[in-house]
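Several structures are given next for inspection.
In the two complexes below, chain A is the common chain; its partner is chain B in one and chain C in the other.
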Partner chain A sequence: MSGAKRLALTDRIGVAAIYAIGFLSLALLVAPSLIVVAISFDTRSYVSFPPVGFTFDWYVKLFATPELIRAMWVSLKVGLIVTGLCLALGVPTAIACVRGRFKGRQALSVFVLFPHMVPGIVLGIAILFAGATIDARPSIGLQSLAVACFILAVMIRIVMARLMRLDVALEEASANLGATRLQTFRHVVLPLLLPAIWAGAAFTFIEGFDNISVAIFTHGHRDRPLPVELMSLVQNDNTPMVAAVSAAQIALSVVILGVVSSTLGLEKLND
Partner chain B sequence: MLDVLARFANGRGFWPAIPAVAFLTVLMVIPLVLLLSFGFSDIVVARGVIVSQDFTLDHLTKILGDRLYLLTFQRSINLSLSVTALCLIFGFPVAYLYLRSGTFARRAILIAVIAPLLTSGIVRTYAWIVILGGQRGIVNRTLLDLGLIDAPLRILNTHWAVLIGMTQVHLPLMILPLIAVMTRHDKALDEASANLGASRLQTLRHVILPMSVPGIGTGATLVFTLSYTTFVVPQLLGGGNYLNAATMAFEQMVYSLEWSKGAVTSTLLLVTCIFFIGLFTWASQAATRWIRQEGVA
Partner chain C sequence: MDGAYVGLAPFVAIDGLTKRFGDHVALADCALAIGRGEIVTLLGPSGCGKTTLLRCIAGFTEPDAGSIAIDDADTLALPVNRRPVGVVFQNYALFPHMTVAANIGYGLKMRGVPKGEIDRRVADILALVSLSELKDRYPIALSGGQQQRVAVARALVVEPKLLLLDEAFNALDAKLRAGMQAELRKLIKRLGMTAIFVTHDQDEALAISDRVAVMGSGRIAQVANPIDIYDRPVSPYVAQFVGTSNMLAARAAGGVATLPGGVKLPTSYSGDVQVLVRPQNFEILDASDARAGWQGRVTFGRPAGAIVEYEIDAADGTSFKIAALRDSPAGHLSAGTPVGLAVRDASACVVFEASA
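Let's look at the complex of A and B:
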């Protein structure tokens, strides 16, 4: 075999091996969720794959379990409060970080993006302690504030990224044409920012709904959110109902994925 | 709401950020300072309210002198480094596939990578209980049916289950930064290399790999810090007998209610975590500089 041919062969084998690992990884990313969805329809009362029958019983049972319904409401509330807080606090902050002309603008960006470097478990414990010193007991409110603090940086970063790409000339043109600041914001800046705001809202909502690292230390004792309920369910229940709860959560994440991909676009999200 | 936002809109001042700064000060800065101070005090809890604190170095000296803590933090660091390495090994080929794919395939890959990130970590960990679990688990049944093993392997509730589950759960966090850096560079560089007669492997080795270094840095930082601080995967797949720093803090706070110890453990967790973020950032920048100096060779 000539040298060139051997080189071509090694090249082909090497690239094929990399592709094979790539496809394996993609399969490993997707398969577990599909297995969970399949199991949630199984007729047997224990968890095993592949399922042998088809039934909606576990979903019926799930919606007949008051603790789970309550947990979903708690998580929904927290998700909405977190989204509201992050919108109200995050969007103006992103504007100041990008359009601001003041000393310490860099420092401001570092400060507001820092919380995402603090591990959720540490932030959760710290807020639990801080609450305990002023008699602010764990509750839906405390949990919402804590998770919002944890995830605010994500909202700020998504909006900042979009703002940096917007041409300032558009805003100047609007002002030159006699638009007031309010008009410029409503008719120029806001429409251009909306995709980022929607994507940020989707992310902060799912974090508020799903977060466990912060939530487990700050949730109210009677208001257990879904992730906390699910964590103990996974440890104590061996029926496919756990798979049904999980499948419901997977369905929610598909909806959120749809929102993000139809607003900001998945490609832009990762730039 | 809109009016308030509008007044912020074209502002050049600091004040639109004031609410967020106040919010983060109250909910992050003050609690973290308190947490730090609690490591140096006796915490007395009466009906959920912390009432008395006396300055003491007892907890800190006890913990720093305790071998259990040393071993636990070492275990955490080993686990997180292994997970980071595995994520790189399994994640890099996905990013390479993405780089080589057309529009449609790229979209499919992005969905496969981002969808798990939007799914609860508990759900994804639960899937691994099903796959790795006892005799009825997928892995054991397949191996038994194929006659490769005589008795089911014990994977769940061991170090291996934690390693496998954590790698899969954190894999997207390595892939996304890699895709971002790889696609940022124009395809032209890659094509130029191919036109100059370089094989695909040579292009990978001398063009794509060097330019991916910042992405590897970002991905490794994300994967390491999350692996280092999550208690969900070890708690569920380690079966309660796998102790790392995060599960230790979790158990001290939630189960045994040793708040003073929990304060010290979580402070150590934060400090070491920030140290590793610094280390990873430094290493990534040093590697990038070195590659630039050496040239793309």
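Let's look at the complex of A and C:
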């Protein structure tokens, strides 16, 4: 029975192929970030790889550039407003879509995904024109609203998925034990939804901070968000400062993921 | 009527309860009266309406018509969180994010009971179900039997007037089940609690209840104590759902139905009838025995503890299910053995109309 112990040749080729694809995928995911970080420390004043020296100059320069600092604050504000909007609108919508007993519930749960299906640029232009008709000019507010509209579906889907897996009997048990609907929500549904809500908040914040397709048409003229600022930076002077800004953003994402994974466990993002 | 509630005004009175889901009639004019401190089981196959009836009492489902009164109070008028009923759910529905103690104290907390009193009452009930040492565990760290006890304690601690248990033993393995059934029955009796169990498991129904209500197609087919349900079923449906049964075709005339072998059964029916004979009410004889009403061959023998369950096919194609004590002469028949069959006790047979 030596065949049982040693895999057949075709199986071994298959396993090798799976490993190869796995490593290639990982490399494609991680390598660009690593290259960007490496370039951000280069001593040369143009973007090139591999770096030939090491300096913090580009970071110093970055924090000495008021437009970039301002853009970071704008993106931070947009990220927080988008997260707030998505929490306020997404969580109740998800609950209505799953637990609701009304006509058109199915239609609603498909309809709320629609803005996410439209290309971001189309949505951005649409909201720009729609805003113009009611005199809502491009601003942090309009940009936040537009990005929230774009990313709301993600929050709704994550919370819906969790809610669909939540046994209705838990809510019935709570009611049976004397809880009002509000108490049931507060003590049973909400705590069990929290991992999904946190995950949704992380995704929507990152999108709010990072989105460019919708933001480019809707941001305020004085309030340019970081991605927009970064794009003009790349177009105008292509120094490693661009890489430094990107590296700072990567650091932010890593911090958010780190916080989420250490408080909730990363695996719960899939719940 | 045999097995009907006898006594003062019933503690739980269900009348005319009807529920439709679209075209499907889940409950059709159900009536049931239960005395204080009584344990009643709703027994039936899935889809018979037993769970719908339970959910109507608990308030999870709104009936289309009918009334439910508990201790003379109209229960249907109360919202779900004000009904004086405690439910033990099929898979217990313990809150996964709360400890055992928090699960059990939940109902008291929702009622605004002071913290000190919650702790005291939770400790008392934990002692009652022997779970004191597990109070800080989370449900996921408990065995099925322990989870069931937490679910029972959680339902009991708020002192409901009526306890409802939905397939409470389903999630337990067979070995554990019998022990937990006896334990739960003793606990409910000790507390003087009135309880309704829902189950599709006839052994559970017979083991745990004072009375069994057999349900079918949204109706209550018979309510009686477990022995009468088995011995005196009112219809072939009840007879076939509870216990193993042989339904034999026979003719009735002049107030008497006659089975092969000369067994005479008094009956008010005439014409074609069906006769219920339980497996242990047959005597297995030699094939040549003159007392035999049927001749047949053993097709299958299955030892089941102290008895052997045989399948015996008669010459006319009828298949009999027959039980014999294993240490009797008929306890060791191999497949193919020719045998004769006779009914032992005519009074233990039940006659039904053939069309019933």
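By definition in this document, the second predicted complex is superposed on the first by the 236 of 271 C-alpha atoms of A that agree within 3 Å, B and C clash if a C-alpha of one lies under 4 Å from a C-alpha of the other, contacts with A are read in each partner's own complex, and residues count from 1 in each chain.
By our rule, contacts are C-beta pairs under 8 Å (C-beta built on N, C-alpha and C of every residue); 3 or more make two chains touch, one makes a residue touch a chain.
It should be emphasised that the depicted structure is a prediction, and the values quoted were computed from it without experimental measurement.
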Room on chain A for both chain B and chain C (clash or fit): fit
Touching partner for A:L29 - first (chain B), second (chain C), both, neither: first
Angle at chain A between chain B and chain C, C-alpha centres, nearest 10 degrees: 100
Superposed model, chain A: greater residue contact from chain B or chain C: B
Which superposed partner A:V110 touches (first chain B, second chain C, both, neither): neither
Contacts of A:P191 with chain B and chain C, given as first, second, both or neither: second
Which superposed partner A:V60 touches (first chain B, second chain C, both, neither): neither
First, second, both or neither for A:R99, with chain B first and chain C second: first
Which superposed partner A:L177 touches (first chain B, second chain C, both, neither): second
First (chain B), second (chain C), both or neither touched by A:Y19: first
Minimum C-alpha separation between chain B and chain C after superposing on chain A, in Å: 12
Common ground on chain A, meaning residues reached by chain C in one complex and by chain B in the other: 175
Chain A contact footprint on chain B (complex, rising order): 1-3, 5-17, 19-21, 23-24, 27-28, 30-32, 34-35, 38, 45, 48-50, 89-94, 96-97, 106-107, 109-116, 118-131, 133, 136, 138, 168, 171-172, 175-176, 179-180, 184, 199-202, 204, 225, 228-232, 235-236, 246, 249-250, 253-254, 259, 262-263, 266-267, 269-270, 273-274, 277
In the complex, chain A residues that touch chain B: 7-8, 10-11, 14-15, 18-26, 28-30, 32-33, 35-36, 39, 46-49, 85, 88-93, 95-97, 99-102, 104, 108, 111-112, 114-115, 117-123, 125-130, 132-133, 135, 137, 145-146, 148-149, 152, 156, 171, 175, 181-182, 184-186, 189-190, 206, 210, 212-213, 216-217, 227, 230-231, 234-235, 242-243, 246, 249-250, 253-254, 256-257, 260-261, 266-267, 269-271
Touch list for chain C against partner chain A, complex: 58-60, 80-83, 85-87, 89-91, 93-97, 106-107, 110-111, 154-155, 158
Chain A - residues contacting chain C, complex: 167, 169-170, 172-180, 183, 187-188, 191-192
